[in-house]
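Letters A, B, C and D name the chains as they come in the text, with residue numbers starting at 1 for each one.
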Amino acid sequence: MLMTARQYEDSLRKLDLVVYMFGRRVENPVDDPIIRPSLNAVAKTYEMALEPGFEDIMTAVSHLSGETINRFTHIHQSTADLVKKTKMGRLLGAHTGCCFQRCVGMDALNALSIVTFDIDAKYDTEYNKRFLEYLSYVQENDLTCDGAMTDPKGDRSLPPHKQPDPDMFLRVVAEKKDGILVRGAKAHQTGAVNSHEIIVMPTIAMREEDRDYAVSFALPSDAAGITYIMGRQSCDTRKTEGDPLDVGNPFFGGHEALVVFDDVFVPWERLFLYKEYEFAGPLVESFASYHRQSYACKSGVGDVLIGAAQTIAEYNGVHKASHVRDKIIEMNHLNETLYCGSLACAAEGRRKPSGTWCVDTLLANVSKQNVTRFPYEIARLAQDIAGGLMVTLPSAADFNSPEVGRWLEKYYKGNSAASADNRFRILRLIENLTLGAAAVGYLTESMHGAGSPQAQRIMISRQANVPEKQKLAKRLSGIRIDEI
Amino acid sequence: MLMTARQYEDSLRKLDLVVYMFGRRVENPVDDPIIRPSLNAVAKTYEMALEPGFEDIMTAVSHLSGETINRFTHIHQSTADLVKKTKMGRLLGAHTGCCFQRCVGMDALNALSIVTFDIDAKYDTEYNKRFLEYLSYVQENDLTCDGAMTDPKGDRSLPPHKQPDPDMFLRVVAEKKDGILVRGAKAHQTGAVNSHEIIVMPTIAMREEDRDYAVSFALPSDAAGITYIMGRQSCDTRKTEGDPLDVGNPFFGGHEALVVFDDVFVPWERLFLYKEYEFAGPLVESFASYHRQSYACKSGVGDVLIGAAQTIAEYNGVHKASHVRDKIIEMNHLNETLYCGSLACAAEGRRKPSGTWCVDTLLANVSKQNVTRFPYEIARLAQDIAGGLMVTLPSAADFNSPEVGRWLEKYYKGNSAASADNRFRILRLIENLTLGAAAVGYLTESMHGAGSPQAQRIMISRQANVPEKQKLAKRLSGIRIDEI
Amino acid sequence: MLMTARQYEDSLRKLDLVVYMFGRRVENPVDDPIIRPSLNAVAKTYEMALEPGFEDIMTAVSHLSGETINRFTHIHQSTADLVKKTKMGRLLGAHTGCCFQRCVGMDALNALSIVTFDIDAKYDTEYNKRFLEYLSYVQENDLTCDGAMTDPKGDRSLPPHKQPDPDMFLRVVAEKKDGILVRGAKAHQTGAVNSHEIIVMPTIAMREEDRDYAVSFALPSDAAGITYIMGRQSCDTRKTEGDPLDVGNPFFGGHEALVVFDDVFVPWERLFLYKEYEFAGPLVESFASYHRQSYACKSGVGDVLIGAAQTIAEYNGVHKASHVRDKIIEMNHLNETLYCGSLACAAEGRRKPSGTWCVDTLLANVSKQNVTRFPYEIARLAQDIAGGLMVTLPSAADFNSPEVGRWLEKYYKGNSAASADNRFRILRLIENLTLGAAAVGYLTESMHGAGSPQAQRIMISRQANVPEKQKLAKRLSGIRIDEI
Amino acid sequence: MLMTARQYEDSLRKLDLVVYMFGRRVENPVDDPIIRPSLNAVAKTYEMALEPGFEDIMTAVSHLSGETINRFTHIHQSTADLVKKTKMGRLLGAHTGCCFQRCVGMDALNALSIVTFDIDAKYDTEYNKRFLEYLSYVQENDLTCDGAMTDPKGDRSLPPHKQPDPDMFLRVVAEKKDGILVRGAKAHQTGAVNSHEIIVMPTIAMREEDRDYAVSFALPSDAAGITYIMGRQSCDTRKTEGDPLDVGNPFFGGHEALVVFDDVFVPWERLFLYKEYEFAGPLVESFASYHRQSYACKSGVGDVLIGAAQTIAEYNGVHKASHVRDKIIEMNHLNETLYCGSLACAAEGRRKPSGTWCVDTLLANVSKQNVTRFPYEIARLAQDIAGGLMVTLPSAADFNSPEVGRWLEKYYKGNSAASADNRFRILRLIENLTLGAAAVGYLTESMHGAGSPQAQRIMISRQANVPEKQKLAKRLSGIRIDEI
């Protein structure tokens, strides 16, 4: 059953989340001016699924129920599904200009669909069955899930069980009759407060000594003992100033939170990995590959930034200058190169024993690696085209002031038919995307989300099959293959 | 019918080509030491089509005859075909370490399959029928075709009909009862001397005044009046010195030639475009898109260079140094990014009215644009890893000399179990790929083949749909869409 | 006479500036929490001039009075002076981590010392004498001057006199007995509100029709008719939240303002260019060259960012990872390359007829062009090293909260001996420099200050003497020099 | 006494060098067509020293004799001398378009002037006196010295004394009454065969166990027991084909050789370091800093390549295209950035205890690091502008052929007033610099000469004083300096 955006909002109102921001409990996250734009972005994933013309991209047919479901709750059944996932990411990035938060849950569901199957195959357990029941519940209710992986990690040179504070990785602290108690925290949780469910996964490959840390489960986001502490973003409080002009993108945004699990109870039926430590690595790797593909969304956000750059060039009257045109081309070139990477790892996807289709690991990592670079260059070019006014523009209040507003109208008029007001708006959007709240998602999250650059480089190193390439080189150079 | 490599060689011996090199007629191109490696590279496209394990990539089922044919003569019938074309390019690049020359004919055939259909649809002509008959002939005989597009162009600011010398673009000079006479030249013809057929296409979009230049046709490569003048390459004469050690890649290479048409006769049944000038542009654009995809081969050549770099790192004993490992990763990353581009434009291919599947134009151009950059950086990194010895290594003759050979053995031994001889070979291969004969293909051809970088930038500019992106940006910034 | 920082602050209190911010008049800019850090940065230029060990860099001997003066009021008398200017910029950038604003006045003074001399040489006027009297006043009172160049420019395709609104470039509107009236505005004025004086210069080369726009003069910053409208910066209001933790750099900052001249009176003795339109270009070019050199300050800010990156790497426990070390090296490499550029244009400086020493124009432009690129890459690397926590860190208020503060202490502790509090501080500093208030100066101002990138490219094109290089190439290729 | 170019040539004829190339003894290196262009390049250092207008750059006053000497034999007495050295390098690079080989001896002399003084200061030895006598001899006779540092190094993970073959680093094998015997080899010796003298230095820092390897001395290049084995270069044999057209730069070139020392006698008075192992490191570091500065020559070669690119753009008729103009600007920008680095490390030079002035170590390494990158990008841009014809151009013999020459004349004519012949020449020059013999010097030597990129990165890491930068960052972030 597909929810409308309104139904989604109402469903969030029913949650009893414990959220802190600026040192105070947020009683009503849904209507909080700082959180609200991030809710709007998730709501867009519901709205567009019902919008004519986007069904093919935004919805899918459940392999469980045969019903039409939101693609964010779908288990990929073909490379066509994977390719559509890439397109859905770009589409939503383009329509929100920010992180719409819902892909992380989709990626967690798909990774679990593979790994629970594999655990069962080894241990004759019932994780996959449990998982599919849970999946049905998510699909039927069109839920948004947070996929929670990143632990605080403490001393990074030590494995979980050797940390001075044993809680630096989330762990099992007790086993009860009907379930377990877990303690720990998950950092950088994108869209956590806009989620109905939270799906916890381990953050690294583990050995036997860390078996108490090898745990994966799902819980309602308002389960007892869970606390959310909101991360603050660049320019976050502009959203509370009352004038949308200074916000840049007044409609949409993202958020991250630290999620604390203070001895939280997890019933057995929601446990998908429990101490089978050797599957922590495969779960991480599978999730990471899917999530690295998901950064196709940044080419959608890039579309917005390119459009903004072209628009300010027109407002400034310089859009015909050859160097400006060339910079727009370069922005497009880089942006489409990102898109190529996400498409390619999808098109080269393969079926897993569980029946789930997974992206090509090597190309997903290559794609994400470019995401850690190109948005920064696209942003630099956007700032080049925008001109210095982007960072010296007075406030909306000055613009509206009876004393000085007329001077801003007079002196900040460009040479086109456009108003100073529109010039103002588009500059604030570029600021939003390159220095402001959306830069958190477009730049820094592009760097570290789904794994920092070095994580991809390690995977590229493992996957690139260099020994095979050495054989090619040796043969062509005339070295006998059996020689060193 | 698939030819063997030997049959291919024999078929070339039967041609009566007029070839000049170093100011002299080459009586026997097949056995010429400079040309031979390029023949070997084309022969590899025959050999691998018959090699078990490669059928799926190297062959296809003809949509005309239902027979198994070499994929180089195939008209793409699906995105799967396009994706396999990308993989075939990488495969052969990896197995030859050079340009194997046969893709240009494949791309010409596919472009003509689309455009002849479109001309017929407009003018009720029979070009497509002619073309399909010709295609059958090519498929049945497993022929190699040269796709000849680039005219000398003379004064680049003038259209063909305004050139001081009217022959600077190939043109119709007379119409006879059973055909026409053409005059002009095609420059930079890759593999021309290894081809059975030559397929001529116009090089730019044209207007009515240029209708005599709007001509496309196919001829046997040894048709009367055609002369080939070989281009020389860096280090070309090393192949004549007698010792394979200094050649780098003693087996394979590429070649380019200037092809002169001195009033050559073309029968009607071999004409595929004749003065329908408005189809010159679509033919160029269609061929260019296909051919920009074809540069997937460079990721195969990149595989060889990466393998060589890893090998010399091991021979030098520095392969465990973190900076060396990181450079190998970067080489792989860039190389796979190239591959992603070619895959993505294939996976996003679409069916044309003729039934032929064509790659996505925007992504094909984006992909080729990266090809004009990354091989240079991969080559730079290879030289970094190789060390200076790559360019200060004495000759093979010194190595074999009774006087000084022992010193080379002694002092050019690295720290591994490998011999100085093998170190020598792999260094010469890297030299070959980054400064020598193969650098012509891996670097300069990557820059200019299938269109110089600026050609792609113009296409990116046209295809990127920036106005749509402006709508996205304006909406998110709060500008009303109906406003400027 | 050198002022102390305290005396400087007191002198600002005596000014009667008309300043607007957030739509309201700022009655007391000196104590305003948003403006104050920028005052502190200027104050540092006074403080360090009196600090033992820095005299050689921070002070000079006046060529007028023979007295020790602050170097910011000095006219360069040698290449040694120019080199010390570069070092002063880096020193202050490193000690403030931001734009210290005072170089623009220094550069205006030096440019005027050259151009007033040249006008007099042509017209037998007394501009240089006037200027030197003004300079004595500035030196004796150790004043901070704003150098005001950038006009709003309106329709950028039109010269000043053809603008629909004639005020889009600052202009003479009336001539009085004892002076003139001017009207217009200057945008992006760095440190305007912290200045005692404002020195106005034209913003482009001009022709006779624009002679009313060819005007340069100096005025007290609180002259009647001048209004300042503060530009807002990323994260500006964090400075008003009361907790320095979230500010990143709680001590120092920069500011820019729009300065409006509403029919302001300028006495003759303060006019340095008056309708000698052909000297507008030389004045712009001379100022621009000096000011492009001044971006040596960014290598000082880069020092801070490198130091911060190394510190967070240590706090995160990853500073020994080879990729982290390599990124720190790359940051240093790029940062020192910036420094090389500024040093080189200084070392290659030449004496002008007025006796003033000016930097090498070509190298100053080359240096600034790198400034439009490298800080963005240094910032990207800093974000890479910092990790995602930089943008998901909760607020200082959360850190201090009795409910959730303990969790932040617990879970945001890294693996070193450092406290979570210090980790917090250094992350906020990196945020400040790469996304926050200081990013305005370190990134966007690096892009557009002293002219946008394309301005430098035009100058490089003009100065690079390509025809001479063509002679070299032709000679070596065997082309006769007298041939085309 | 300054020699003329002719006298230099004559002096070389008197040497009795043992030179091998292509497996045969070269009886007359001076007139060998492959070696000769490299002699011409060294001869240019003599010729220009006597050319009016270049005295200030090309000559200096000996601090020993007070006589005018060639700057290549001078010990730097001031930063002005260091800056002139940078300019001399660029000047000669621009006039030869290649490596002129003589700087390595100059850098060896200067490094020894410092280190011999320092050894004496510690051990009360007479190395500096010996050195100054040798220096007088070099200056008086205007000799060219090869500075020989790079040993074969064998297993790079082992120090000299642990190598399986003890000769992999040059070493003392016997002590005689009047001197010593040395054995080993020096690789990559630039200009060795054009030198009168060879100055040997150790290649790495050493410990006591390696004391037999800690040896520095000077010998006549034709001393008994020395053998030269020439390295081959890309396209080297084109010089023997008889037509200068295909050579690109028919006048000048470089060369490298392996120099073998087969138990060569060195008299005491020519020994400058003998087992004082702790001075091996300082000697290497001092030489390396000087030699990294020397790469200013590449900006001179860059001048030639830029001039060639502009010329071919004109011949092709595309020089007014905005993208071509922008690429020329970028080439100049990068080239001048290289120049800035060399200038900056010179301008920041400091006096050593010996009285010799040495460049700034950090900036010299930063400068060289850019040299390992920018020439590759400049070369790539040159190939972009040149077009594909650069690598598909037939041979000079074809051009001169009665059969096909007329077609090359006809079809390879561009659109300018220039002849096909001139177009041919300039394309071959670009090939020479980017793929041919000069690419060895402009690209690969830029990478590895004076130390490979990683060597500079290690030095940058050591010299950048990151702890001081951490203090700056901590202070600004509010961390107490005494805290971790």
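Here, contacts are C-beta pairs under 8 Å (C-beta built on N, C-alpha and C of every residue); 3 or more make two chains touch, one makes a residue touch a chain.
Keep in mind that what you see is a predicted model, and the values were worked out from it rather than measured.
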Same-site or different-site touching of chain A by its copy chain B, using the half cut: same
Chain separated most widely from chain D, comparing mean CA positions: A
Which of C-D and B-C has more C-beta pairs touching across its chains: C-D
Centre distance in Å when chain B and chain C are each reduced to the mean of their C-alpha atoms: 51
Where chain C and chain D are represented by their mean Cα positions, the distance between them in whole Å: 40
Residues within chain C bordering two or more other chains: 323, 326, 457
Of all residues in chain D, those that touch chain B in their complex: 20-25, 150, 152, 154-158, 165, 167-168, 185, 187-188, 227, 229-235, 237-238, 241, 246, 256-258, 260, 316-318, 321, 323, 372-373, 376-377, 380, 383-384, 387-395, 397-401, 403-405, 407-408, 410-415, 431, 435-436, 439-440, 443-445, 447-449, 452-454, 457
Chain C to chain D touching residues, read off their complex: 83, 94-97, 244-245, 248-252, 303-308, 310-311, 314, 325-326, 328-329, 332-333, 336-337, 339-341, 343-348, 362-363, 366-367, 369-370, 416-419, 422, 425-426, 428-429, 457, 460-461, 464, 466, 468-474, 476-479, 483-484
Chain A-facing residues of chain D, complex: 322-323, 326
